[in-house]
Structures are given as structure tokens and as C-alpha cells.
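I am attaching a structure below and will ask some questions about it afterwards.
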Amino acid sequence: LRRGFPEVVFGQGKTAEQITQIVNRLSERNERVLVTRLSAEVYAQIREELPDDAVYHQRPRALVINRANLVCRPGILVACAGTADTPVAEEAALTAELMGNQVERLYDVGVAGLHRLLDKLPMLRQARVIVVAAGMEGALASVVSGLVDAPVIAVPTSVGYGASFHGLSALLAMLNSCSSGIAVVNIDNGFGAGAMAAMINRLDER
Amino acid sequence: LRRGFPEVVFGQGKTAEQITQIVNRLSERNERVLVTRLSAEVYAQIREELPDDAVYHQRPRALVINRANLVCRPGILVACAGTADTPVAEEAALTAELMGNQVERLYDVGVAGLHRLLDKLPMLRQARVIVVAAGMEGALASVVSGLVDAPVIAVPTSVGYGASFHGLSALLAMLNSCSSGIAVVNIDNGFGAGAMAAMINRLDER
Amino acid sequence: LRRGFPEVVFGQGKTAEQITQIVNRLSERNERVLVTRLSAEVYAQIREELPDDAVYHQRPRALVINRANLVCRPGILVACAGTADTPVAEEAALTAELMGNQVERLYDVGVAGLHRLLDKLPMLRQARVIVVAAGMEGALASVVSGLVDAPVIAVPTSVGYGASFHGLSALLAMLNSCSSGIAVVNIDNGFGAGAMAAMINRLDER
Amino acid sequence: LRRGFPEVVFGQGKTAEQITQIVNRLSERNERVLVTRLSAEVYAQIREELPDDAVYHQRPRALVINRANLVCRPGILVACAGTADTPVAEEAALTAELMGNQVERLYDVGVAGLHRLLDKLPMLRQARVIVVAAGMEGALASVVSGLVDAPVIAVPTSVGYGASFHGLSALLAMLNSCSSGIAVVNIDNGFGAGAMAAMINRLDER
Amino acid sequence: LRRGFPEVVFGQGKTAEQITQIVNRLSERNERVLVTRLSAEVYAQIREELPDDAVYHQRPRALVINRANLVCRPGILVACAGTADTPVAEEAALTAELMGNQVERLYDVGVAGLHRLLDKLPMLRQARVIVVAAGMEGALASVVSGLVDAPVIAVPTSVGYGASFHGLSALLAMLNSCSSGIAVVNIDNGFGAGAMAAMINRLDER
Amino acid sequence: LRRGFPEVVFGQGKTAEQITQIVNRLSERNERVLVTRLSAEVYAQIREELPDDAVYHQRPRALVINRANLVCRPGILVACAGTADTPVAEEAALTAELMGNQVERLYDVGVAGLHRLLDKLPMLRQARVIVVAAGMEGALASVVSGLVDAPVIAVPTSVGYGASFHGLSALLAMLNSCSSGIAVVNIDNGFGAGAMAAMINRLDER
Amino acid sequence: LRRGFPEVVFGQGKTAEQITQIVNRLSERNERVLVTRLSAEVYAQIREELPDDAVYHQRPRALVINRANLVCRPGILVACAGTADTPVAEEAALTAELMGNQVERLYDVGVAGLHRLLDKLPMLRQARVIVVAAGMEGALASVVSGLVDAPVIAVPTSVGYGASFHGLSALLAMLNSCSSGIAVVNIDNGFGAGAMAAMINRLDER
Amino acid sequence: LRRGFPEVVFGQGKTAEQITQIVNRLSERNERVLVTRLSAEVYAQIREELPDDAVYHQRPRALVINRANLVCRPGILVACAGTADTPVAEEAALTAELMGNQVERLYDVGVAGLHRLLDKLPMLRQARVIVVAAGMEGALASVVSGLVDAPVIAVPTSVGYGASFHGLSALLAMLNSCSSGIAVVNIDNGFGAGAMAAMINRLDER
């Protein structure tokens, strides 16, 4: 079994038929299945044909089957800057949970109102690994990393407009941060951030 | 006299002869002259031929003549993130001073070590206009603006490497800030930031 | 109260439910609320559930609640180049008004027909702060700034096609202007330009 | 003879030997030869081996042989914004002259100081074709075109820094101009602009 | 009257009401009106309210009113590479015709099948000014210009996919052509190309 | 002490004087100091003035002072694709070592010759955290990650030419990898990759 | 007959009427016709009017008429990385088949799970020419080429999100591969890849 | 032996010591060695230490050892547009020759003067595989491909200035060509083009 991972399906660009077939096949032999980027439209078409215990999460567009009785490991914090960044943050959180981790959520803490972030310093400092999702406030990853000693996985989101260039601005800001202990995943890749955080958090179990 | 401005010469791309001739001509009829982007090499060639009271500032590569007896107006703060950003910050400060303003300097306050910035909160909050110069820590403009009520003029610098893309990353980060009260000038344009801050600070004298 | 600002909500990427809930909550404790980038579709869904005195402005897609009895300060001029730039210009003007400023509007003054702009020279020269919104005519900010002594806040708009690259061309043109006293906000960020202009115009009241 | 053109050699990327050989060969059979982008270093190496009547123009880096007794046609005006744009403007002017045109020069007329341009309105309106070279003031092409009825050939120059992106900003600004009667050549392509202007100015002689 | 031009309206980004009002107002005082980039949807809404002699051209999305009795001047050729480039070519042709020129059309002559172009050499060589519109075959402008002595106005189109980047590839190819006598307008700017060609073709009438 | 980190100085853009002064000051109060991006030229100027136990590593351009008697933790592997990528890989390795880790090196294992990589599978699978540095072979990070369960920190390098665009190509390739458990740092940021790997490897000691 | 090729029509940007007319005309004089990028919507409109033996392939959006009795030449392998890349792979395969080649398909072999690819080594090594289509796993082309001696035609696909930039990331990765024997076609250009492979595979028949 | 290939060393980014050591080691066990991108400076330093039969080609910066007695296969033509493109073309030709092919050279055939190319039609049509190298005349690949039935390997070169963007313009033009039978390698990658051509030309010997 690769990495003790759940099976993960990349939903985008697959037809409704393909999704149905893959999920049902995987569901037979696996306790945990995750489909990312599954649009609400496709889900609506196929929901009747999916296993009964498949749960669809609307904003992160994720389908989750979780029949495993995992002992979840605490240690992961997922933070995000604006309301519009929550779907990506939620994709990260769901992924990390499905991989056997307990996830704290700290949403809507922007850099423009720093005090809200500083108020949560104890929570931030308790985390072993932190995921930061932000589109217009790419700065958040740098600020958070400066406040803690934990490794930070930064996810730029495509939230924003104009010179945000669909997440490029946040991506570049995160890559250029002077704070050490930050690494970055693809724009909107909440899944990748959550999986990386999970692998780090459970590293000593290998 | 346009704007009560000093005469400003854009030094880059001009030959040594052109600079000498322009500065001497302007110097005859003006109390204040500023040459920006004058390389140390060109300055070395022409220093003997310039007016005696012309002062060359090496790191910001600026030549300044200031014979005016201005009453300087307090209110401008120039902040920058890293040591390598200081030439641009200094260009802004020199410009604002030459335009009749008193300038506080707050250098080397990065986002990665937030406490150094927070320690200076009183100084930040006292400023009427703030210039923030940063290359790798484009986030600084956003953080500063979130802490104060004063308008912030952000100058991205070309300091950095790799995905900083010669200042593009900082430029984009500054443009996308969610904090209101930020506007941005060209990469490395300390002059433009200083002039804008000066105009704002002395607005009610018009 | 941060900056004597109205409460501002970034409408894009929020669900109808989120908008309704935030506006109603803010409306209870605030005299002034602004929602930017609220699409006509979302507004149509929620209009019945919003406070009665909430006014929706269609082209700038802005929802405004203003129960404050502000003495408005004159001094701001908002100019734009083409008819298609007016929504952004209007977002700037509404923002500045809500922040206690009187706003003059000078719309449809392009660079291609310079005389229309020159005819308004007295109006331009009377302004204390000028906002210039332009997409295809990024040149306008530079030309206006050259004609006046007031600081200019330039807003590139995404109006145009082809090599306008959704506002990038105007953004770059504005950043490279040789005229001093220009600073730039994000593409289509009328809100940011209006807020910056308001802060500058009321600076001496702090 | 193609187009009644002089022979033109693209000097960049050719070795000293290649230049010498090509120029001498062309010089035997042609009254007019133009080498563009010939660096001062290469010229210094080969000057003794070139025909006696070859003239090297330093700032535009152009080598010109002109033994033709052309009746020059008036009608072309070459304008540029800043001192640093003159080499490109001069390349355009030399090219047009070598192709049998009389060229007026109007240098150092920026948009930031519009009055200098407006003072020359009669000169601008007399031209049949206008070349505008500008780097930081890409706006100039648009403003000039708005003032005249003549076709304008715009040449962006690589003058500038930061977000000028080596002429890209000026190129985009010129392409997006709303004024009709503008077409654009490559960044720093003074030769191309001069040749196009010459072809247009002498069109009815074909 | 500026340039003896028809009145031209940029249709994109204007509401149906704005278009109707502008066209009717202009139609009262002008013999010729052109609206570019008017979508079929907007046209369908307002057709009843427009002047009876307004003609809508579907593929180039242009509305034309032409009551002038112009003596048309021969000399303009409009060429394009693929079927999908014809709307832009047609916008150029309509514009030039409305400005008093006779326009030859040479459509569907690609570089991949050079013989079709070479077969039309006499037609190409007869033209005084040539417009070349191409998206995937940006090379066409260069090839045509190499075959003729007339000035070429090149219009990149957004036709293509992948690395065509919505016309950027064709734009760059056209700007870099080694052939002299080419100048370029904005991507999809058939109007600009047609107007430039018209101005050149009628230059000696000024 | 923040993170039990050594003190780290960003050498680029600092003058020789600044480096000397900072290193000597830090050296007094710290057992470990690291200067990154210190050019050989600057080092040659100042070597006499630095502490005797400062060691300069030429290819990674790093100055290291290490007087700590750390018990190094095994678990980190640094791999790179080509010979030209080794300076960046070495910067990562030095950083991780200075932070108390034992580092295995696996250099010159490209994707074009997969067998060399597959031969080292046992070594790869033993690592707890892997750093992969590659410029032309951005693919390597993806391939390595697919072969192991350990988290992979990918560092794009600026090695390459043409469409490598100074590391951009490798950066994008790494961000888009489908393999989960990869996160990316800035182009050429060996330091950042090494620090991140060190933090992950020693996570359970916190 | 150019190249013994089937007639090929680029369906994108053509109206339903244009497609119908072209296909029927070509169908009269040709045994083989291929229409690429024909949307399902347009096909639905015109299917009744097309020749009876025209077959529409939905995912690759290709219309094929094949009445030739070709002896197909073995030797081409088409591989792709993800399910979402199959339409492009299929376009390549259909094209090569229509040009008289036998095509093996090897779909869904990603780099993240290398063993699936290595399991097919005999199949890979038997091919004379290989087409590799991939969007998120641009690395695949490099890996395949490293395993075989056959020339590889790489097709980047626009599959992906965020920093895939619609295929740009895969395109760059493929261009920078160190493995020799790779050449690249446009993003999503399955047709071009298939045609190139076909020409190479049948080269000795010329 | 991988592919019957000579051993190839990528010279760029390797130190003089590394080159010397690698070449001498490879030279012992191989009849053919190629070092690409070896600068004249490095070569000058190490020439005495290299095998006596190593030949350095200055403009393509290639070091070649060829002791094999290959029967060369005719069929490859290398064409290029401008004099400045010849180093890249020559790198391709040397590579193909070293791999056992006879190479025809057709240099300095631009699109601007089409007749020179058309004069060589018989030579073009005789080739089995064609390499086309061009920087400013990216169009050449498309034109050549349209004239012949052979597969064309296109190499964009970084020759040009301004909007050539160091070869990007030529790269995009080549990728977008409508002619089928073109595939593209990296900017300035003469080696890759030559190797691909050689593999295709000798395909039936496998």
C-alpha cells in the first residue's frame, strides 16, 4: 500500500461515467477514497450511483469515503486569510483528516488586521505543521512563519482579481518569503498541502 | 514654478557630458537640483566639473544640490525590509527631504521577525505618510498599512533572486494587498515614492 | 474605530448567504457599510433580506449603506477615459463619498482627443487629489499628472482587448510614467483608489 | 532594385570580419549602404578597412555610406520623449534620410510637460508622417496622434527600468492606444520605423 | 472635422442603451458612423431603435451607417491567412471602405501552402497599402512584405490555441519580422489596421 | 532562541564592510553562523578580517562558522540532477548539516538515465526527508517522490538555457507534479530547502 | 497530392455552414478527410448533412472520413499520463491511423507511479516513434525518452490548474528535457503530433 | 551502448577542471565525444590537457572527438535564416554528422527575400529530414515545411532584440505553425535538433 494513503482521484476533466466507475471500483477494495475537484454538477448526476457512505463537501468540491477507524494524530493547523480562501483551506483540512490527523482551523485571519492573528498566537505555536491558504494576502504565510517554529506549507489561492493573475501573485510572494521553514504547493492545491502536512505530521510513525 | 519642486534629472542613459551640462545649467537658476540613477563611474568622471556644493550619495546613486533654506515639515516615515533595500529607501528619503520634509528612517524591519516592527508601533503611528521599500518582503507594505491609518506609498525593489523576477513579485504583492490606503510606484522608484509622499505631506500648503 | 472608515466587505467569492449575514450583522453596529464586487445576480437573490436603506449601484456593483451625517470635504476629482471605464471610476467615487468627501466627476476625457481634457484645466487644477481610471488610455494618468500639482492615484482598468492583457498594459504604463506624483493601485480597484484619495484628502484632520 | 532601398545590414551578432567583408562588397555595387546596431567596439576594429566615405554615427550605432544625389522629400517628423530615447530616434531619422526624405527632429518632448509639445503644434501638424520614439513615456505616441491627422509610426524604446520590462510596457501602451492612425514596430527598431515612414512618405512616387 | 473620419464608436463594454443613444445622436449630424465590436446580442436588442440605414455585419460585429457619396480611391488590399481570421480582415476592409477607399480582398492564403499566395503576386504587387490579418500564421505578414514594395499593416488575430496565447504569438512574430515596411496594430484590431491603411492611401489628398 | 537555528545572513546585495561587521558581531554571541550568496570576490576582500574558524565553500558560495557540538540526526537525503545543479544542492546540504542533521548526497542522477536513480532505490527509501535540486530536469522531483513515501522538498535551479527561463520551467514543473508529498521553494534557494528539511527531520524534538 | 496526406480541416472558429460545405466538397474528391476541433454542438447541428460514412469521435472532437484501403504500417505508440489527457492522445492516434499507421495506445501511465510505465518497457522499446501527451506530468516525455531509442514527439496538454497555466508548464518542461530525441508540438496539438509521427514512421516509403 | 550515440557533455556550468576530467575519461573508452556550450575561455584554459584529436569549433562552441569510421547516411539538410543564426545551425550539423549522417547546409535564406529560398527548392525537396534554425525569422520553419514533405525540426534561436524576448517569439511562432510535420526543440538547442534529425534519418537501421 503506497504510503498508507487513501486512494485519491483527480476529478477534474473526468466524465461522470468515469468518476462513477472509478469510485465504485476503489470503494470495494479501500476503506478510504477521496475525489478532488468534483463539480457540484457532476456530483448531482451521479450521487445515486455512488456508495451510500460517500459524503460530498460542496465548497471544497470533495467527495470523501472514510470507513477507517483511524486514531487521529493532533498537530496540524490550517489557516486562511479571507472567506473566499476557505474552499482551498477546507480541501487541505479534509485531506489531512482522511490521512489520520486532527486538524485545527483558523480562518479569516488577514494581514490587514494583524491583531486577529496575534490573538491566536498560542494556537499557532502549539501546531506541529501549519498550512496557510491565501490569495490576496499572500503575505500571511510569511507572517505566520515568522511567528512560529513549525514548518509552514503555503497554498496560494486563485482568489483575487486584476494583478492577482489567478494566484500567480500569491504564489510568487510565498516563494520569495525571507522566513525560513516555508515551502509552497500549486495554486489552489489544498489537497497537496494537506497531504504534505499529513506526511510531515506522521513522519515518526514510518 | 511647477509644484515648488526641485529640478530633477533622470541620470540613467545620459552621457557624462550631458549630465555635466544639464546640472551646471540648472544649477545657475535653481536652488535645488536632484540627479537620480547617476552611476559612481559617471560621477567619478565629472565630479570636478560640477558645482562645489553638489553632494553625491553613493548607495542611492543620487546627486543633490540644496541651497534652499527650507523649513522642513515633519510627518514622513521611510521604512524598509532588508539591508539590500536601503538604497531605494534612501533615494525616497533624500527626495522627500529635498522637497522640504523631515524624514524618519526605520530600516531593516522585516516581516519574518515581526516583533522588531511591532516594537516601533508608536513611531509608525506618528507618521502622516509612510513609504515602504521592500523586495523579498513585499508583505511588509501590507503589514505596515494594517497597523496604521496613514496612507502608505509602497516601492517594490529589485532585491531578491529566482522567482522575485527583479521586483515583479514584490510589485504584485503590493498591488494585491487587502489593506486599504496603499498605492504603489515603479520597481526601484525611490524617487517617485519620495516625491509622492512629499506632495501628500505638504498638501494643505498649496 | 479603525480610520473612521466605513465597514467594507469584499463581495466576490462570497455566497449569497454569507453576504446577507455579514451585511445585516455590520448594519446593526455601523452607520456606514460598503460591499464591493457584489454581482447583480447575488444582489437580486438577497435584496429582500437586506436593510431597507441599502442602495445597490448597478454598474460599479456596489452596495452602500450610509446613515452618517457627514460634513463632506471637497477636494477629490475622479476622471476616466472611456465609457467602459466608468464602473471603476464610480466605485472610486462612491467609496470616497462614503468616507466623507465631495467628489467631482470628469468622465470620458481621453488622450486621443486632448482638447476635451484641456478644456477642463481649471477643474483639474482645483482638485486636491485626483483619481484617474483608464484601460486603453493608460496614458491619461501621466497626462493629467503633468497638468496639475496634485497627487494622482491611478487605477488601471481591465477594459480593452488583445494586448491590453486585461489591464496589464495600463498598469505598466501607469507605473512607468515620468511625471512625479503618481501612484497606482490594482487593476479595477476603484475601491482602493477611492479610499487612498479619501485618506489623503482628509489627512490634516487626523 | 527592391524598393529603391539602400542596402541594409543588421550588424548585431556578426563578427568584425563579416561586417568588413559585407560592407566592402556592397559598397562596390551600391551608392547607399546602412549598417545598423554596429557596436563602437567593432567599428573601432574595422574602421581602417572600410570605404573612406563611410560615416559612423555613435549614439545610434549606425554606419552610413551615401553617395546618392537624392532630391529629398519633405514630410517626415521624428519625435522622442527623453534624452535617452534619442539614439533610437536618430536611427529612424538617419534611415529615412538615406531613403530620400527630409526629416524634422523634435526631441525631448515628454507627456509630463505637455506644454513643450503643444508649443510645437504647427510643426507637428505640418508633417505628413510622424515617428514617435519613447520608452518611459509610451503615452507620447497616443498624445501626438490625437493632435494630428498624419499616420504615426510608434517605436517603443528599451529606456526605463523596473516595470518598463525593457520596452514591453511602452510597446503595450502603444498597441492599446485609442487614437486611430498608429502602428507600432519592434522595441528599439528605429530602423524599421524610419523605413516605414519613408515608404509612406514617398508612396505616390511608385 | 478631425481627419475627415467617420465617427467611430467602440461598442464593447457599452450597454444597449448607451449604444442606441450614441448612434442616434451621431447619426443626426454625421453621414458616416461605425460601431465596432457590437455583439449580435446587443444588436438584436436595439435594431428597431437604430436608424433604418444602419447595416449590421455579423462576423466582424460592425454596425455601419454610410450616406456619403464618396469617390473611392483604389489601392488597398486586405489579406488573411485562415477562414477564422476573416472577421478581423473584414473589420479592416469595412473601415477602409467607409473612409473612402476601394478594397481588394485576398482571403485564405496561408504560408503552409505558399503557391496560393504566389499565384496572386500581380494582385499583391498592384496594391499601394496592404493589410495582413493572421493568427496562427503570423509569418504571413513577413512573407507578403518580402514580395512587395508597399507598406504592410499587420494585424495579429486571437485565432489559434495553446501557445498562440490569444494572439500574442502572432503579435510577436509580426514585430520581429526582418522585412522592412511592416508596422503592427493591436491583436484583433481590424479597425485600427483599416484606418491606418486608409490614412496612408489617401495621404496625398491632405 | 528562535528555532534553535544558526544565525543566517543573506550575503547578496551587502557590501564587504557590511558582511564583515555583521559576521564578527554575530560570531561573538553565536556558535553557528551561515552567510549565503557570498561571492568569491567579496570573500577574497574580507577573509583576513573574519573569525579564524570561518570556512568558505566556493561553489555554494557559503560561509560557515560551526563551533557547536551537535549530535547530528540522520534522515536527510539531498539529490540533484546535473553537475551544474550541485552548488544549490550543496547549499541545502550545508544548511541542513549546520542545523544538526546528517546528510546523504546523491548527485548527478538525471531522469534521462533512469537506471542510475533506480539503482539507488534503497538509499532513497531509507531517507526520512528528501531535497531534490534540478534545473533542466525538473521532472526529477516528481519521479523521486513517486518512488518513496518521504516528503520531498523540491528546489528548482536556474541551470539551463532558452526556455528554461532561469529556473521558471523547473519551478512550474515541480509545482504541477501529480505525486503527493512535494512542496517547492524559490529558484536556487538551497538554503530554504535545507532549512525546511531540517525542521521536518527534527520535528519530534520540539 | 501534398504528402499523401488526408485533407485536414481546422474546425475551430468555423461556422456550422462553413464546416458542412467544406466537408462535402472535400468528400467528393478525397478518400480521407479529417476535421479537428469540431465541437459536439456544431456536429449535432450538421450531422444529417454530412456524408454517411463520416464518423465523429466525441472526446477528441474529431470527424473522420476514411474510405482508403491502406496497408497500415506498425511502429507508432501513443502514451499519455492521465485520464484527462486522453482526448489529445486520441487525436494523435486517429491522425496517425488515418495516415496509414498502426497505433498502439498506452494510456494512464504517470510518473508518480513509475512501475506502471516500467512494466510496459517491452512495448515501449518496440515502438519506432512515440507520441507522449501530458499536462500535469510533463515529466513523462523525458522519462519515456530516457528509456527508449526511438524519437519522441511530446504534446503538452492544457490539463491541470493553477501554475499549469493552461499547458505552459508542460510545454516548458518538455522543451527543457535533457534527454535527446524529443521534439515538441503546440499545447493540445494531438493532430500535429500524430502527423509528425506518421511522417517519420513512413519516411523510407518516400 | 545507449542509442549508438556519441557521448555528449553539456559544457555550460561546468568548471574547466570538470570538463578536462570528463573528456579525458570518456575519450579513453569512446570513439566519439561531443562537448556542447564550451566557451572559448574555458577551451583556451584546457586545450593543452585535452586529447590531441579533439577539435574545437569556435562559433558553435563545440568540442568534437571523432575517431569512428562511420559510413555517413545522406538525407539531412540544415537551413538557417540569418548569419547570426549559424552557430546554432552549425551545432545541429556537427551533431548530426557525428551521429553518422551527411549534412547539407543552406544558410542565410530568409523569408523577407523568398526567392533565395525558392531557388533552392530541389535541394529542399531532396532532403529526408530538415532542421531549420531561426531567431528573427521564425516564419522560416513554416514556409520550408509548406514546400516539402519531409519532417522539419525547428530550432528557435535567441538572435534578435526587443520583442524577440531572447528567442521566445521564434519559439511561439514555430509552435503555432499551421503546416503539419513540424516539431520544435528548445531555444538555441542546435544539439537537440541535430540529434533528433539523426535519429529520424537512421530510423530504419534500428
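A, B, C, D, E, F, G and H are the chain letters, set down in written order, and residue numbers restart from 1 in every chain.
The criterion applied here is as follows: a contact is a pair of C-beta atoms (placed from the backbone, for glycine too) under 8 Å apart; a residue touches a chain by one contact, two chains touch by 3 or more.
This is a predicted model, so every value here is computed, not measured.
Counting steps between touching chains, the shortest path from chain D to chain F takes 2. Of all chains, E has its CA centroid at the greatest distance from the CA centroid of chain F.
Chain centres computed from CA atoms place H at the largest separation from chain C.
Distance from the chain B centre to the chain F centre is 35 Å, each centre being the mean of its Cα atoms.
Note: centroid distance chain A to chain D, computed from Cα atoms, is 56 Å.
The mean-CA centres of chain C and chain D are about 41 angstrom from one another, to the nearest whole unit. Residues of chain E found to touch two or more other chains are 2, 10, 82, 113, 162-164, 168, 171, 175-176, 178, 180, 186-187. Looking at which chains touch one another, you get A-B, A-C, A-F, A-G, B-C, B-D, B-F, C-D, C-E, D-E, D-H, E-G, E-H, F-G, F-H, G-H. Of all the residues in chain E, the ones that touch chain G in their complex are 82-84, 113, 159, 161-164. By the touch rule above, chain E contacts chain H in their complex via residues 81-82, 110-114, 136-139, 142-143, 145-147, 160, 162-165, 168-170, 172-173, 175-180. Across the complex, chain A is touched by residues 2-3, 5, 8, 10, 128-129, 149-151, 153, 171, 175-176, 178, 180-187, 191-193, 195-196, 199-200, 203-204, 206 of chain F. Of all the residues in chain C, the ones that touch chain A in their complex are 10, 12-14, 18, 37, 156, 158, 166-168, 171, 186-189.
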